[in-house]
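You will see two complexes here that share subunit A, one where it goes with subunit B and one where it goes with subunit C.
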Partner chain A sequence: MADNKYNLIAYYPGCALEGTGSAYNTSTKAVGKALGLGLEEVKNWNCCGAMEVKNIDPKIQTYLSSRVMSIAANEMGHDVVMAPCNGCYHNLKKAEYDLTHDEGSKEVTERLSSKAGHATYQAGQVETIHALDWIKKSIGEDGIKSRVKNSLSGLKVANYYGCMYTRPRHIFPEKDKGPGTESTSAPHFMDDILDAAGADNVDFALKTACCGGAHTLSDSDTSTKLVLNILQAAEESGADVIATECPTCHTGLEMHQIRAEKRFGVKTNVKILYFTQLLGIALGLNPRKVGVHENVSKPMGMLRERRIV
Partner chain B sequence: MTSLAAIEARIDAFATAPVTYREDAETLLRLAEEVLEYWLDANGKVPVTRKKEGFRLLALHAQSAKGDPSFNACRETCREIAYRYNLAMSVADVGELTRAVATMRRLVQHLSLFISGKCQSAQLGEFCCASRPLRQTDSEMLEN
Partner chain C sequence: MPIHEKSLIRPENLSTHDNLTIDGVDVSGDWSTFIKARVVQDYNEDLQDEIAALPGGENIHRCWQCGSCTNACTVNALNPDFNPRLWIYLIRMGFEAELVRDKDIIWQCVSCNKCTSACPRDVVPEGVMKATAHWLELKGYTPKTPSTEFDEIFSNQVIHTGKIEDGAVLLGFFRRTGQSPFQDWVIQMGKQLAMGLPIRMLMRMGLATLFHPRTRGWDRARAAIEEYVEEQEAAHRKALGLGGSSHDPHAPRQAQPIPQAAE
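Take a look at the complex of A and B:
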């Protein structure tokens, strides 16, 4: 059921979407425009604390994420923040959880907010959602079906969610609430959205498997082997494409696909596209408009072959 | 204790031979258990023999995850292995059985790669998905 609460929301792209994940940024905005949904970028946003800050001092990460939510709520008047990056989404949810349950985090956040000269974020002021929630809740499957101009029919898609979208479970209290809600053990929102766009989703057992993303520099071989197993599993399940919803996963899959061939001599042909790129194409947008030319796995030939573009 | 390399070689062997037997699902489930036994043994723990939800693999995962939130990163992998095992045991069609076992092989391989990675760097899986509640101290986590 579509909910117009999500028709105009605060948008927090995060650092990755201004760099390696720029096609995700482009396609998210293009899809929003095509669907008549408004995104207002959080003013003067900062890093969410990512992985680095979180592991040095989790309370500082909580503060950094809280500042983003504070600006959205107190300076822009929004009660929903959408973060398409799994890392940002995860950290904002974690900050919300910590500020609800941990007095120490609240104290640090109050102190740093006061020092920085902005209102302290109070838990519950905003609802943080992912781009998948945004599409699913604002438009829904029926809304997508009625807007599809260029069905993805015949395109076999393995939906890869990665780890931060569902883990750890305790920071996502809205999930696992039965029909209509997302599942942390078997996520399906991306499957639902792309199914509505006409895609043939394949049974993909490694949809939440670890890609070794954070270890990609310190232990590249482990990351490459983990990614290669994901790519091969997708191919074995018959997929033409792995759909992603996280810039870190996406970059990891594309980069390690190349590295796997160079380092281990194993070539895989499955293409990697953001779910927003696939949805945009289904909505009739030009592939360039959703940044497909930026994809390292060069999916245009396959998309033409399948008569998707 | 079998080495991880030996376990991985046995998992790899399934890639070259077409799989059509339910016994292969049994073997893969056992290999997955051996991977977790290896991790527990490397950490000075005695692997449990009990079962959780009908699977020793899930009990071993729970034991490994105790006090180590980074084991979140392979929780679904273990649950998928159990699911595919059940599927392999229940389907009548040879094609479906083959697919179930082939998928199991990928999952067991992923578990093995993950544990092998953790044996080199225990933080694997810690930076991404393992945020633990701040209110819990290390000792509280170990008690849970």
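Take a look at the complex of A and C:
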């Protein structure tokens, strides 16, 4: 069910995609280009507040996220903003919810926007979507199937969505609306997309488990234990690779895979790739074009073994 | 026994007697374990209001004690002592001393939002955990936790420049918490990362660490946010009955200047 509305949209990469998650940025843009989808980067964007600013004050986070949406809507004339990072996506959604339901958040956003000298974002001006929604709604499974040049057949994938894509559910009013919509308890958009690209998705119980990303440095042992659960569950379900759709989860899995070995002596071999990297390879893009050389888990050997590249 | 009465059966609150006869009845040994009488005189009647005055704690009064939060909790699965439902109960009852017993673990909430999604009463337990951790610091029960240190380094950079650069946050955090950036797993991670990267990209990453990425024309936004943060800090201290100074060692949220760099 392709929808033209999503063929040219505003793109909000966020800070992580310019740093540790740069392969997600590269692969998202490469996939967009290969599929003929236009992405216009939000001009002079700022950080959404990530997982940290809300702990100083949630209303500052609402303001930061609202500024991004305000630029997309008022300076660039877009009505859809796509954020591939779960943190950014979540915060824009949360800001939309708070600006609709909480008078206090609205007041602070108005005050900070006017002092900062830009138009105040009004709830409803843009629709915030995730990269998964973008592919699913613009191209859809049938569109992917018709464009696959290099099927992922034989590659066993555990699809990992993390926390921020579905929780808390009240900030995602469009989800859980029945067939065709995303589920917050059992998300499936990434499964659908990679299935269309030929992958063999495994039954993976920890799709929405937490990787401890918020405390990846401040409470590393907790994060390592949480990541280890995810890595081991993926291996036990037979996965060659964990597909990710969030730079914090992705980096967390890579980092704590190493840390688990160093600290707890537990080695896991499952590889970690962004879903956009897998999709790009399926569309016939060179692995370098989708940044696979940047992946810390070094997946090229496994991909060759499975005759994917 | 309801969870909030568990404190009654802590070892120090139980007594048994090897040899004891009362009114001719032998009550020696474990068959007659006595629970010491409890008299609580130090309720903090304002405790719920204090938590509710801090960001995230606003909805604590809505709790019905159903336990969905603890049942869903990620950290509880690793450590059964991490119990949001119990802490919410203690706060609502004003049992400050009981709450403070768990001061060293409350900050470990990973913000996965499972509790907030599960809560039928919109208490936002995740927010209550953050408010409680903040309260423990403001009251001086704990020093700034590593989580707060990280939040501050991160938020200060966002407030100052509009953007985040991972390397600077990482190094800043290691410096402030007195850790070496040369830990075995950090080095291994760096090696594996560097292996596949072209020189051009390594240079770009290095430069980003030196010259923080910035949002153009951010000064006015920065000033507006800083002014707001100061107001909020003062309001929080007032709600907790603390002095106006934000310069004592436990006062968080003081923006640290970040070295200026060319755009």
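Following the convention adopted for this analysis, the second predicted complex is superposed on the first by the 309 of 309 C-alpha atoms of A that agree within 3 Å, B and C clash if a C-alpha of one lies under 4 Å from a C-alpha of the other, contacts with A are read in each partner's own complex, and residues count from 1 in each chain.
We take it that a residue touches a chain if its C-beta (ideal position, glycine included) is under 8 Å from a C-beta of that chain, and two chains touch if they have at least 3 such contacts.
Keep in mind that this is a model prediction, so the values were computed, not measured.
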Quick check on the superposition: with subunit A as the shared anchor, is it clash or fit for subunit B versus subunit C? clash
Let me test your reading of the model: by the given contact rule, A:Thr222 touches which partner, first (subunit B), second (subunit C), both or neither? both
Looking at A:Tyr63 after the superposition, I want to know if it touches subunit B, subunit C, both of them or none. Which is it: first, second, both, neither? second
A:Arg263 in the overlay: touching subunit B, subunit C, both, or neither? Say first, second, both or neither. second
Based on the superposed arrangement, let me know which partner A:Lys298 touches: subunit B (first), subunit C (second), both, or neither? second
According to the stated criteria, A:Ala16 is in contact with first (subunit B), second (subunit C), both, or neither; which is it? second
Touching A:Trp45 in the superposition: subunit B (first), subunit C (second), both, neither? second
So in the superposed three-chain picture, is A:Ser105 touching just subunit B, just subunit C, both, or none of them (first/second/both/neither)? first
Examine A:Ser237 and indicate which partner it touches, taking first as subunit B and second as subunit C; both and neither are also allowed. first
Can A:Ala116 be said to touch subunit B (first), subunit C (second), both, or neither? second
For subunit A, which side has the bigger count of touched residues, subunit B or subunit C? C
Tell me which of 9-17, 63-71 or 81-89 in subunit B produces the clash with subunit C after alignment on chain A. 63-71
Show which residues of subunit A both subunit B and subunit C reach, each in its own complex. 51, 54-55, 58-59, 163-164, 167-168, 170, 209-210, 212-215, 218-219, 222, 225-226
Contact footprint of subunit C on subunit A as seen in their complex: 15-16, 18-20, 22, 44-47, 49-60, 63-64, 67, 108, 111-112, 115-117, 163-164, 166-170, 184, 209-210, 212-215, 217-219, 222-223, 225-226, 254-255, 258-259, 262-263, 293-298
So in the complex, the part of subunit B that touches subunit A is made up of which residues? 69, 72-77, 79-80, 84, 102-103, 106-107, 109-110, 113-114, 116-117, 120-121, 123-135
Going by the contact rule set out above, which residues of subunit A touch subunit B in the complex? 51, 54-55, 58-59, 62, 87, 90, 94, 97-98, 101-102, 104-105, 162-164, 167-168, 170-171, 185-186, 203, 205-206, 208-210, 212-215, 218-219, 222, 225-226, 229-230, 232-233, 236-237
Please give the residue numbers of subunit C that touch subunit A in the complex, ascending. 55-56, 74-75, 78, 108, 110-114, 116-117, 122, 124, 127, 130, 134, 145-152, 154-155, 158-159, 162-167, 170, 173, 177, 184-185, 188-189, 192-193, 195-197, 201, 205, 208, 213, 215-218, 220-221, 223-225, 227-229, 232, 253
